[in-house]
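My questions all concern the structure below.
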Amino acid sequence: MVTFFVIWVLLNSKLTPDVLLSGLVVAFIVALISCSKCDVFNDIRLSPKAMAYSITYIFVFLLELVKSNFDVALRVISPGLPINPGIVEVKTKLKSKLGRMILANSITLTPGTLTVEMQDERFFIHWIDVKSENIEEDTKLLVSKFEKYLEVIYG
Amino acid sequence: METIALITSFVLILIGLYGILSQKNILKMIVGFSLFDTGLHVLIVTVGYIRGGTAPILDQVTGTSNVSDKIVDPIPQALVLTAIVIGLGVTALMLAYALKMYQEKQSLDIRDFKELKW
Amino acid sequence: MNLLILITLSVIMLVMAVTAVVHKKLTVAVLATGVVSLMASVMYLLMAAPDVAMTEAAIGSGLSTIIFFYVLNKIRKAK
Amino acid sequence: METLKIIGAIITLIGSLFLLLGSIGLIRMPDVFTRIQAGTKASTLGTLLSLLGLGIIYFDMAGKIFLLIVFILITNPVSSHMLARAAHFIGVKKADLTVVDKLEEKGKNHETKNSAK
Amino acid sequence: MANIILQIAGGIMLLSLVLSLYRFFSSGTLVNRVIAFDTMTIISISLIAMITHYSGRTIYIDVALIYGLLSFLGVVVVARYLEKSL
Amino acid sequence: MIRNFFIILIIAGLAGVFVSLFWEFGASDTLTPLATHYANNGAAEVGAPNLVTSIVVTYRGLDTLGEVTILFLVAAIISFFLKVEKKGQKMAPPRVSSEIILTASKLLVPVVLVLGIYVFVNGHLTPGGGFQGGAIIATAFVLLLMANPRFELNHRIIAAVESVSGMAFVLVGVLGILLAGGFLDNKILPLGHFGKLFSAGAIPIIYSLVGLKVGSELSNILSNFQDVQKDEL
């Protein structure tokens, strides 16, 4: 419900009493309608450590995003098209659904890797430049850089 | 600027009409109708355009008094707003008819439906 | 600049419209209609009509394509 | 103030360059999966950067732009994932360069398990 | 200065729109066309933001919000259609 | 062959008519008198910054009522047509959707609902209004359907929302006759401060009602196109 209220205020992008009042009403109504759907929000831990880790995670993610984007961009414009695609399998330790979704989205958003299929704790990832075909090694290369943060945040 | 939009809308209308008249497949005819609709909406909005005008929503940019020489004509926009929603309704209705006709005869060809031909 | 955007949008719209009418596959025709609606909605913004642009984006490009694909799915199943 | 505007404009320019790279990748890549990689990912970063630049220039719509960025960050990978999954399911031809496909090897028994669920 | 850079950025966006149009026509399967559609919608969001800048009305950004949502759904619907599980 | 010839003849004739009609057309530099009146006095009379909204809801309110009626009729006819499903067809069970879209739909549906409510409550301040907001709410329903193809909407709740909002819409209109100038007049509530959220009289209320009604009708149409087989559930 707090999330909806924040979204409402951001949408209106001003802080007058009428906006706040109507935001309360709207957030309450939406939370009432979709209360059974809200359970994904419960996984978030609100301890200071988790907060710090999530901020760090955002920065790590953005850095990774820009870095791999330049990598793929170089591949695209270089004339020989040096790609080596394949679908590899990795494993994750995350249990919470929201954490897993964010992990999969992060993997998809970093260019060069793309989540094709997701079966419980096994991800099948299309990789534009396959370096190894071993599960453990791929996990170490692709997942663990995001996972160690997400594990603290979502468990 | 408005000339280009006008020509685009005319050509869209003509292409849509050609699609409606020449195609044998019912769903392709509905696609043509949809194109015709879009062209018509672009045409009406273009007629209401004023050179150098801005959107008919008053805020700090336009001020509140004597706005009539700053904004574009709001009436065609209001009409098109209604027309788009009605267009969706009509398209959905036609699709429902097409589906029902397909379930009757297992065919989407307009030439197979001869009952109402005279 | 506005003129350049408008010309590009018009060309894309017309090419897509011809594709939608001429092409044999229905799915391609529906997708092309979606692209025409999309470009039309950007065009409405250039013609200073944000309300209409919003309606076209929500209804013409979104819901109408979705309904078309539902019907195509049903027809494919009935075969 | 002016320097802030120029910084925003330069960020937007970089974003549009990424959009262009995405389109070039869309044309050059050999098969569906690599096209999804090059096309949609680079375009996502391009859109993010250009929105960010405009958010720096017009500070009063920063809230909406922030929301739009979060929205794109959630929805875009989901749609590319769905497309890739569908493409793999219907058996789109992969490029000759493809070295390994673990999903194809394990595919059979996983599919039956899934449908039985 | 800032305006000139933004104009160049808009021109590059138009160019990439046309380039992704090329993918729509070459190479036959539906999946390729859907990818081109997706890319075009993403570029269009940036284009709407640029039009917001040219016209000087910040309220136009609402349209981009709706656009992002609806384009996402269109792509997902086509993907489900391809999976034969709509 | 003769058919194609006639088609091309008709289209060429229509093109000729278009060219001769609009050969001299150029966008005018001034508004028509009616539009000038709306532009200069609309803000004072109705109190809504978005002139399109004030025209749709107040000046041309009856048109909107007719439009909502047409949508209702369309929904009714479509459900009448498509309700009789053939039974006994064995369908393969659809492919289970992946966990990503399940979680994403859970995450996004409330956000989409908030966005739709924002669009139709702020219809008098920003672009948008009841129709767009209704379409977005129907989109939330589509999102649920994507996550679970066998998801079924509770038709009783939808019908209740639709009829209640329709009745309330007409009721607000009649209140306009009783308390203010005419049908759907928005001055039954004070006009308030220009540009605030609670302003422009009854326009936010009317547009919210229109949004709810359009949203439920569009969801109804969509759920009729979805194939649910009753015996399978």
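Order as written gives the chain letters A, B, C, D, E and F; numbering starts at 1 within each chain.
In this text, contacts are C-beta pairs under 8 Å (C-beta built on N, C-alpha and C of every residue); 3 or more make two chains touch, one makes a residue touch a chain.
All values derive from a computational prediction rather than experimental measurement.
**Student:** What is the minimum number of touch steps required to go from chain A to chain F?
**Tutor:** Contact-graph shortest path, chain A to chain F, evaluates to 1.
**Student:** Fewest touch steps from chain C to chain D?
**Tutor:** 2
**Student:** Looking at B-E and D-E, which one has the bigger number of contacting C-beta pairs?
**Tutor:** Higher C-beta contact count between the two pairs: D-E.
**Student:** Provide the C-alpha centroid distance between chain A and chain B, rounded to the nearest whole angstrom.
**Tutor:** 40
**Student:** Quick one: chain C and chain E, Cα centre-to-centre, how many Å?
**Tutor:** 12
**Student:** Counting in whole Å, what is the centre-to-centre distance of chain B and chain F, each centre being its mean C-alpha position?
**Tutor:** About 16 Å, centre to centre.
**Student:** Please compute the C-alpha centroid of chain B, do the same for chain D, then give the distance between them in whole Å.
**Tutor:** The computed centroid separation for chain B versus chain D comes out at 32 Å.
**Student:** Could you pull out the residues of chain D that touch at least 2 other chains?
**Tutor:** In chain D, residues 24, 36, 44, 60-61, 64, 67, 71, 74-76, 78, 80-82, 85, 89, 114 touch at least two other chains, as defined above.
**Student:** Would you mind listing the residues of chain F that make contact with two or more other chains?
**Tutor:** Counting only residues that touch two or more other chains, chain F contributes 50, 52, 95, 98, 100-101, 104, 107, 111, 115, 119, 126-129, 131-132, 136, 139, 142, 218, 221, 225.
**Student:** In chain B, which residues are in touch with two or more of the other chains?
**Tutor:** Those would be 1, 18, 22, 46, 49, 54-57, 59, 71, 77, 81, 84-85, 88, 92, 95, 99, 103.
**Student:** For each chain, which other chains does it touch, given as pairs?
**Tutor:** The set of touching chain pairs is A-D, A-F, B-C, B-E, B-F, C-E, C-F, D-E, D-F, E-F.
**Student:** Using the touch rule from the top, collect the residues of chain B that touch chain F in their complex.
**Tutor:** 1-3, 6, 10, 13-14, 17-18, 21-22, 46, 49-51, 55-59, 64-69, 71, 73-75, 77-78, 81-82, 84-86, 88-90, 92-93, 95-97, 99-100, 103
**Student:** Which chain D residues qualify as touching chain E in the complex?
**Tutor:** Going by the criterion above, the answer is residues 2, 5-6, 8-10, 12-13, 15-17, 19-20, 22-24, 26-27, 32, 35-36, 39-40, 43-44, 46-47, 50-51, 54, 57-58, 60-61, 64-65, 67-68, 71-72, 75-76, 78-80, 82-83, 85-87, 89-90, 92.
**Student:** In the complex formed with chain E, which residues of chain C make contact?
**Tutor:** My answer: residues 1-2, 4-5, 8, 12, 15, 19, 25, 27-28, 31, 34-35, 38-39, 41-42, 45-46, 48, 50, 53-54, 57-58, 61-62, 65-66, 69-70, 72-73, 76.
**Student:** Along chain B, where are the residues that touch chain C in the complex?
**Tutor:** Those in contact with chain C are residues 1, 4-5, 7-8, 11-12, 15-16, 18-19, 22-23, 25, 27-28, 31-32, 34-35, 38, 41-42, 45-46, 48-49, 53-57, 71-72, 77, 80-81, 84-85, 87-88, 91-92, 95, 98-99, 102-103, 106, 108.
**Student:** Show which residues of chain E lie in contact with chain D when the two form their complex.
**Tutor:** 1-3, 5-6, 8-10, 12-13, 15-17, 19-20, 22-23, 29, 31-32, 34-36, 38-39, 42-43, 45-46, 49-50, 52-53, 58, 61-62, 64-65, 68-69, 72, 75-76, 78-80, 82-83
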